[in-house]
Amino acid sequence: MRTTLGALLCSAATMGAAQAQDGVDLEVMHWWTSGGEAAAVGKFAEALDEKTPHSWVDGAIAGGGDTARPVMVSRIIGGDPPAAFQFNHGRQAEELIEAGLLLDLTDVAEAQGWTDIVNPPGLLESCTIDGRIYCAPINIHSWNWMWLSGPAYEKAGLEMPTDWTGFIESAPALREAGVTPLAMGGQAWQQSGAFNNVMAIAIAGPEAWLSVMRDKNADTVLGEDYGRAFEAYAEARDLAQGWSGQDWNQATNAVITGEAGAQIMGDWAQGEFAVAGKTAGEDYGCLPGLGLGAYLQTGGDAFYFPKQDDPAVEAAQKELAALLLSPEVQVSFNSVKGSLPIRGDVDLTTVNECTQKGLDLLAKDQTLPSTEQLVSPDTITQLNDLMTEFWNTPSMTAEDVQARYAEVIADAD
Amino acid sequence: MAIAEDADRAPGDRPRGATRRPVRLFQNLQAKVAMVPMIFVALVVFLGGTIWTVVHSFTGSGLLPRLNWVGLDQYERLWSSRKWLVSIENLAIYGIFSIVGTLVIGFVLAALLDRKIRFEDTFRTIFLYPFALSFIVTGLIWQWLLNPDLGIQNVVRGAGWEGFAFDPLNNPDLVMYGLLIAGLWQGTGLIMCIMLAGLRGIDEDIWKAARVDGIGVVKTYVLIIIPMMRPVFVTALVLITSGIVKLYDLVVAMTSGGPGISSEVPAKYVMQATFGGQNLGQGFAASTMMLVMVVIILIPWAYLEFGGRRRG
Amino acid sequence: MMAFDSGSARLADASVSVRDLMLSFGAVQVLKGLNVDVRDGEFLVLLGPSGCGKSTLLNCIAGLLEITDGQIWIKGRNVTWEEPKDRGIGMVFQSYALYPQMTVRGNLSFGLKNQRMPKAEIAERVARAARILQIEPLLDRKPGALSGGQRQRVAIGRALVRDVDVFLFDEPLSNLDAKLRAELRVELKRLHAQLENTMVYVTHDQIEALTLADRIAVMRGGVIQQLAAPLEIYDRPANLFVAGFIGSPAMSMLEGRIAGGRFHVGGQSLALDGYEGDAPGTLGAAILGLRPEHIAVAPEGAEGLAATVDIDEPMGADKLLWTEVEGQKVSVRVPVETSHRRGSRVTLVPAMGKASLFDAGTEARL
Amino acid sequence: MANPATLGAAALSADAIGAGPMSGPRGARPRRRLSRGNVFLYGTLLLVSLYYLLPLWVMVMTSLKGMPEIRMGNIFAPPVEVTFQPWVKAWAEACTGINCDGLSRGFWNSVRILIPSLVISIAVASVNGYALSNWRFRGSETFFAILIVGAFIPYQVMLYPVVILLRELGIYGSITGLVLVHTIFGMPILTLLFRNYFASVPEELFKAARVDGAGFWGIYFKIMLPMSLPIFVVAMIIQVTGIWNDFLFGVVYARPETYPMTVQLNNIVNSVQGVKEYNVNMAATLLTGLVPLVIYFASGKLFVRGIAAGAVKG
């Protein structure tokens, strides 16, 4: 018995983080583990190590947001939080903020004038609780893209289609050329995101989408617009038969190599094309909003900073927050990541055709909030479960999923 | 059995006045202090933890535990959730086949090994080594073996049988049977050893008597030996069922619940809800349901095991 | 003197006949060229210390052990390669080997059900066996609820219902306490008289052998030392081992030599004229075996062996007097009333007709 | 005593019935080597052994091949040109996210988790077993009963409460935290094992020690401990395989830097940089399974006895 008590006491003592004098080790947790993402994170690490005495301790967690977020949450409420952690824009951190576990960044925001440089302002609003800002948005990712494979269409002897209907027509030819028209990863968030964000907006239209996601109007789901969206989704399911893989970057890789004709994925997929040294327009095509109603959702990532009791660490955290939004870091990070910067006043030096399309849409303010900003994580999990069940149960028809989708929306909060 | 408390005074105690009996609590103080960790674990962690979870399963706690009562909402939501129903169904399928499979294969292998054959030890080592591996390792091994373009299907097709299809992990109806193949591969060894120990415990004369009575080998096993090994079968059954309810690592490693939600299991539902979907209340409700399942399985066994002894 | 009367040794009616039986486990030879014939209806006991091969022989007869060489005939039929169930034998084990989860009735009828015997006949046989063994009230109980004796009777019943030719017993009473063992011994004898079946009975308890057997085969190291009627073995042991093994208190052994028709031990000598066997004239080393009850005590100076009294052991019915002759111990059974002072001198007068003489070298009887 | 010549009986009886011909079956019944029974017996055993050995064979073979050979060839075939590069990469270079120091970090984490957990959990459990079997007091049996019932409660029910417990102790996410968790959840089975073992120690020994004035700890160290080496080995085997193979506690209670090997393996295999490197993944899987396998082969029979004893009693 004595030995157990002894072990506990002495270990607790050594737990206090040994603090270097001024340079602080900042452990940053995130889930950017694919090739392109890892390269982008490297840019952040370089910036922190060069420009500040502090050093970047990488806490990458594999397996996508759904796997990583729980680990971060249990770390924070478990009383041993990292220095900073990545969440998507939206309400994921709502409860953490309400529980007073996160650092208030309003002073840094005012010093750097975040309110006017961040565009669209909606990004800041989603993490502002009664006037205090708790997050540092760092990029804009939008789901609403469809990537087309140059080599696949060459094999099929076709031009890359300009929209969803064109893609549907090109499918049989692709099949003949031994190419799976659509590559879709095996994780729930990919299958569900493709509908909730991309196809719903593109086919059912932004008004219907806002009525469902913002106003939680179940009747709109049962309406004719959403009906067409569900039909298209069922069709997409058939087009995806023939390719099986888990991670999204495996599907992107299939598009790069021409194994698959196209993939519905956010603009973070462009990072993979960059790493593979492909050029937009020739090796791959990009259709914002499936080439139908081109609206971009301003999803993306933001860093949150758990409250620490050590002032030195808090100062370092604020320095990191400011650094993340500084122009140079925004440029270096977003160009490699393939996302759009949150600063309106910065132009990406190397802008390829696809990013330019995105920037134009952003300038024309044809943007919509991301689903995570409108709907609680709990509802998203339910939608994910529903859509992945539909995607993997061929016997389930569009009408079935439409009815159950409406139920989920009915009691969403 | 051993020195009960009211035996002579604990050594080292000053002899008290004859009139006052030593206070029972301070008897054998050292023993009681030595047992504090066990008492702490039993009361605080097991008992306290379980009560805490069950109580919180009636609250609406989301990311953080909160005591806002919502009555049976969590349970209603649980039983109306398609994913939970699928995980219960999966657990039933996996459970039944796993119990039957493990017991049958375990017993047959044990019977074969018990026939005084050569190389008995080598065979036993082969059948038991998977048990030493973790479920993660087993899951990954079988994930690759069952992978259509890498594993068995690819090899057999390569060997000429073109139409051969063996890809359970990507077929929602067969995925649980894919898990079963790996589960049996890992779990049967232990049950075989327990059965072998049981078989070796049977008095040799019973075998001779049966032979003299002219009863065939198979009939002897079925009609005489197996009924005699009832307690061993009961123990094996409890072992297998407790393993089934806790099924988690294997699913995470092999199919992570996929394709879609077709290989979801209750333990994974709990983990997903508690830590993933930031909905503690739902997670607590699901884990309470798992507790109920274990209780339903255990009560008959406990009654059989202990009840029997008092009555027998 | 031939061990068994050859009159009825005809092959035909020998119930069990073991011919040149050899059995070895790997290199170890357990049974070495054994031959024994059990007459029909006879109660043969295989007696010997543990590890003498008696149980192994029984298992060979039952067909539970693969023999290395030789043949086994039962009821004039060569059953060497037959399965136990086809040899017409029933076996009762030391641990009773009853099927624990079946009732007594289940145990009795299980063998018959296997031979697809019609139900009526099974019921009739079970009833007959239960009546003979007086276990009717126990038929619906489980073995766990029976006493040692009752379980033993059910085990016998299991063979009885199958109308076997030969009953084989493998030390059936050794698990029971002394009183129960005596009771069951009597019952077994009565059962044998009633059934008149051939029975081969293995035991290491000589009292069981002497009381139950028509004939006893004393065995040692896989070889039959002597095969004869109990009294024959008691009075005329074939060799030193058999003499020492049978009878308690044990036979006293006096080492000495034979010269001029007299047995000389130390300074004294004894006339051999009363001895039944044909003792040789002279023999360098010989052993005189005397059973305590075959020696009379006479006052000092009488014709016999002079001995000094050591201690006495009252045994209830009589007393055992320990004496010393020329430094060798001799025990004598005397009436309980007599008492001799320790160290006093007496003369032992052995009944030469009942004595045994052995050649010290070959240990065989002279 | 020389072996006495068998009496005439043996010889006599031979010729007396020698007349009858010794024809017909004699000696052991000729058993055909490939009798139907044997074929079935060994056939099934070999078939089942194949089912058991196949995975290990594939793992080893694939872990020694280069990627081209895997994609093109068949995974059951032995490697044409053997390369240990996958093992090296799995051990030192495989990446999870940015840091690419392979499984080695997980391995040392697992070792740092295993050693203290082993020592503390066995120490505490043996004291429990000893106290329960010899120093019972009124409540002690009820605590033990709760402990045993606790063993059957699915871990998920107690996961979150333990998170709070560790947080209050300030050791959440640390190696110490994991050590405490393994001690807690290993306690029921181990305590039962030790209690049953100490109960089988003759009681007179304990009484004699009491008479000689030895106290609670005196008896434990001087008398009980020296005698209980076998059960200690059994307990060690159960704990080593249990702790090393654990995944659930590792995922919930550890941080990325303190992830045990199993969790890190799962991360490595699931985080894909471009193409899935099966050979590296399989080498990593074998590495993770190596320690328990070595323990298993080293302890041989003891392993079986231990697990069976732990399990049968459990």
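The first chain written gets the first letter, and so on, giving A, B, C and D; residue counts start at 1 in each chain.
As a working rule, a residue touches a chain if its C-beta (ideal position, glycine included) is under 8 Å from a C-beta of that chain, and two chains touch if they have at least 3 such contacts.
The structure presented is a predicted model; accordingly, all values stated were derived computationally and were not measured.
Enquirer: What is the minimum number of touch steps required to go from chain A to chain D?
Expert: Minimum step count, chain A to chain D: 1.
Enquirer: Would you indicate which pair of chains has the most C-beta pairs in contact?
Expert: Pair with the most C-beta pairs in contact: B-D.
Enquirer: Please identify which chain has its centre, taken as the mean of its CA atoms, farthest from the centre of chain D.
Expert: Relative to chain D, the chain whose C-alpha centre sits farthest away is C.
Enquirer: If you average the CA atoms of chain B and of chain D, how far apart do the two points sit, in angstrom?
Expert: 16
Enquirer: Just give me the whole-number Å value for how far the CA centre of chain C lies from that of chain D.
Expert: Here chain C and chain D have centroids separated by 53 Å.
Enquirer: Find the geometric centre of each of chain A and chain C from their Cα atoms only, then give the gap between the two centres in Å, rounded to an integer.
Expert: Inter-chain centre distance comes to 94 Å.
Enquirer: So the centre of each chain is just the mean of its C-alpha atoms; given that, what is the distance between chain A and chain B in Å?
Expert: Measuring from centre to centre gives 39 Å for this pair.
Enquirer: Could you tell me which residues belong to chain D and also touch two or more other chains?
Expert: In chain D, residues 124, 127, 252 touch at least two other chains, as defined above.
Enquirer: At which residue positions does chain A touch at least two other chains?
Expert: Expected reply: 1, 4, 71, 74, 77, 246.
Enquirer: What are the residue numbers in chain C that touch two or more other chains?
Expert: Within chain C, no residue contacts more than one other chain.
Enquirer: Which of the chains touch, listed as pairs?
Expert: A-B, A-D, B-C, B-D, C-D
Enquirer: Give the list of chain A residues in touch with chain B in this complex.
Expert: Counting only chain A, the residues touching chain B are 1, 4, 66-67, 69-71, 73-74, 77, 92, 95-96, 99, 186-188, 191, 244, 246, 377-378, 381-382, 385-386, 388-393, 404.
Enquirer: Mind pulling up the chain C residues that touch chain B in the complex?
Expert: 59, 62, 64, 83-86, 89-91, 93-101, 110-111, 114-115, 158, 162
Enquirer: For the complex, give me every residue of chain B touching chain A.
Expert: Touch residues, chain B against chain A: 33-34, 36-37, 62-64, 81-83, 86, 148, 170, 172, 256, 258-262, 271-273, 275-279, 282.
Enquirer: Spell out the residues on chain D that touch chain C in their complex, using ranges where they run on.
Expert: 1-10, 12-14, 16-17, 20, 22, 24-29
Enquirer: Of all residues in chain B, which touch chain D in the complex?
Expert: Per the touch definition, chain B meets chain D at residues 1-5, 10-12, 24, 27-28, 30-32, 34-35, 37-39, 41-50, 52-53, 56, 65, 105, 108-109, 112-113, 115, 117, 123-137, 140-142, 144-145, 150-151, 154-155, 158-159, 185, 190, 193-194, 197, 232, 235, 239, 242, 245-246, 248-249, 252-253, 267, 270-271, 274-275, 280, 283-284, 286-288, 290-291, 294, 298.
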